[in-house]
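Okay, here's the structure, questions in a sec.
All chains are identified by letter, namely A, B, C and D, in their written order; residue positions are counted from 1 within each chain.
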């Protein structure tokens, strides 16, 4: 049976500040990207989030970002590759301890925000991130934008890759996402979102904004967790996919 | 042969800010307590410090502290036990990743500053810290003030304990350290320091400031690393101990 | 005509994290205590909040707190008096610049969270805070718990004081607030809240939980801004007070 | 008599971390750029530094930087112009409060590190910084790289400008500094440094690395304070300039 992973960013609260409704979103996804305390999250939030994911059988991943709480990790920062390697290593290690303490294993790593976006285009950054993942545990699954330099770099580094697609974003002819500055960037109609995902899963193609069919490998689908209505969206897209006979399941960890 | 571990706090630089001469101190000790990025240290400093320790065959431990860079973890903070448990878990995990990446294992944990001092007297705090250590790896050796509530709590939690003694501090009749507010608190004469340690190792006794012989178990001796002349002090005390036939060696990790 | 000031803590958002509905609360109060970027708030949030207050004719005050974003300034911290003096001075200065840039003047200072609560009982802390206020501008009005050591210290330091009372908290025989650990601490019935305030304003008395009438001077009434329904509560209490002929107005700044 | 201002960055310690020997450097300069707690410095360090400067009759300026302690404000960050405006406003206000408390006035503003370097080339950033300065006090003197877009923007904003030159850096034909990646960037010979400054002061010219005479207006000379030997360099260059009949004096504040 065809299947896809649904992943969502969670654990992005910080102290007194609550962000998103993690418990609700986690009811509908198969993989959780847990913020690691740099762009968002704090040790107690991590513990709570790992507990919520574990209770629902959701696979737990680390979601490292730039050390920029005020900018929520969304502001580009220039770091030397080794500084970036250390930054990511640190965050994965922290998350791993919470998984160990909870009696489970860290399953995957997905970079956050500006770190993700910059690494999609910058192979030195991508390489630094992938080396950090591999240094901690070479069997960790690496999430990256489908068809991007980021996933090619990860594969070249020997990592198992999950290619990530989006239901609520439109695509360019080269498989990149339409920039948010373009009015066509966001897909707000849920039926259209579902159809885009269904076609990706069934035929491995996505129709670009210019009408070109672009090959894409939809291993995992990103569900934005910090938007109002995120849980409803997750539930709707899951139901629609399951109704079409597509199973929702986390990526299988390689033998090791 | 009689032996003792020499431990020192290292990796307490932060970004542009250099603190101590870690490379020199690490030449003379057997165990390194590496700051974990909360009271001091940053990911790149951790990596450098782990590398320096590994190159010298020095055992690597995590040195978690309060999340208070401005106060260098020396200001008492009131945290709920579970918040403390998460804070320590986070820091141990981060350090562990750097050990894994460097091809070694984390050997021990020693709390820093106000966290250490408060846990010596507060068994709820001590328990929270010990639970975090055990949750990550029950074979991690736990460092605590010799004879204190902290080491009793650690033992009760099933951890292997290294009881820590001081060469440059005087003792009270109950085995506690003379408070720094007392003019007799510090031992500044190196010969007197060496004699205090020798007597601890040979007879398991320390003479209190009131002339009482107090039993003490000197598993590990703390060498303060951030003072001027720290490396010279470490070298002198090591030479004096070795001249007396006492080996300097890290604590042996239990089988597991 | 009898009058009272209504004050509320605002500007406690941080970057991506929104807290409270400041615009709605500011529609109903006469004084805004703006977080200064240490326990909460950031420069852009300060600017936005000052703008919202100014547009509504609400008096703007600084709301300094401990430098503890993760604990939202609610965790007790031990600082030396001069460190505390500098911490408060820094925050008042920052707020003052935003007032100057907006063409208005800073009107008052109210300490936040653990800083407020500790200073209520600790005259050395109270003194350090008051000295910081006076050093910036001796005409700033100082808000403190009615009848407490904090307001006595402020008056002794030559500051104009606004004694603060609470509508939603019950009182002890000595005029202190009933601790939150006591089930009688909170007054949840709005009519009962209004009556407590009306009696304070009209007769200068509050009935303690033990039935004793305690003298109190209600210069300003605290409206908690970060609770759900804060704006509705502010609106209701304002309407009730105005219906009873009590004017809502900020404290008048002394000549200087 | 010909004169020049000598300025140095000071107050860049943080908590336990000491950086530079401010007391020694301040013996030899006429203007102090005090770090404001974002890229370096903390409230108590600011107070100490303001006191040291005041005791020596050194003019006190604010030295705002990016909120990046780990990178010491040297890592480029992308901020929206209004976020930058708020960030600078905040820091100037904080410094101003310490000046007020010390009975003096803030004299100037000089941006730090990456903020300075980016604003030299980016007029939107330069404009945001200048607006923040003007919003607090239009008579604050604005320091910027001689001949750069930054000083043109400041002048267009109505600010009094101090054009800054360097003794230890070589120049390009367009008056910009030779990038540090070029081996000719640094002038390490103190006699050569002095001659470069003397020629700037006397003839308003600096010889570029390509032998071209470039006009330059040397209002103020930067003395790097965080280098080993900074105080000795400051003393030597001051003595050399005074021996040539050039007075060392801060920029005069305009009437207002």
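By our rule, contacts are C-beta pairs under 8 Å (C-beta built on N, C-alpha and C of every residue); 3 or more make two chains touch, one makes a residue touch a chain.
If you're wondering where the values come from, they're calculated on a predicted model, not measured in any experiment.
Asker: If we look at subunit C and subunit D, which chains touch each of them?
Answerer: A, B
Asker: Would you mind telling me which chain pair, B-C or A-B, is linked by more contacting C-beta pairs?
Answerer: A-B
Asker: Report the inter-centroid distance (CA atoms only) between subunit B and subunit C in whole Å.
Answerer: Once rounded, the distance between the two centres reads 44 Å.
Asker: How big is the gap, in whole Å, between where the Cα atoms of subunit A centre and where those of subunit B centre?
Answerer: 39
Asker: Which positions in subunit A are in touch with at least two other chains?
Answerer: Within subunit A, the residues that touch at least two other chains are 42, 70.
Asker: Please output the residues of subunit C touching subunit D within their complex, sorted ascending.
Answerer: Residues of subunit C touching subunit D: 37, 42-44, 46-47, 82-83, 86-87, 89-98, 100-101, 132, 135-137.
Asker: Taking the complex as given, what residues does subunit D use to touch subunit B?
Answerer: Going through subunit D, the ones touching subunit B are 14-17, 19, 40, 42, 69-72, 74.
Asker: Using the touch rule from the top, collect the residues of subunit A that touch subunit D in their complex.
Answerer: Checking each residue of subunit A against subunit D gives 67, 70, 75-79.
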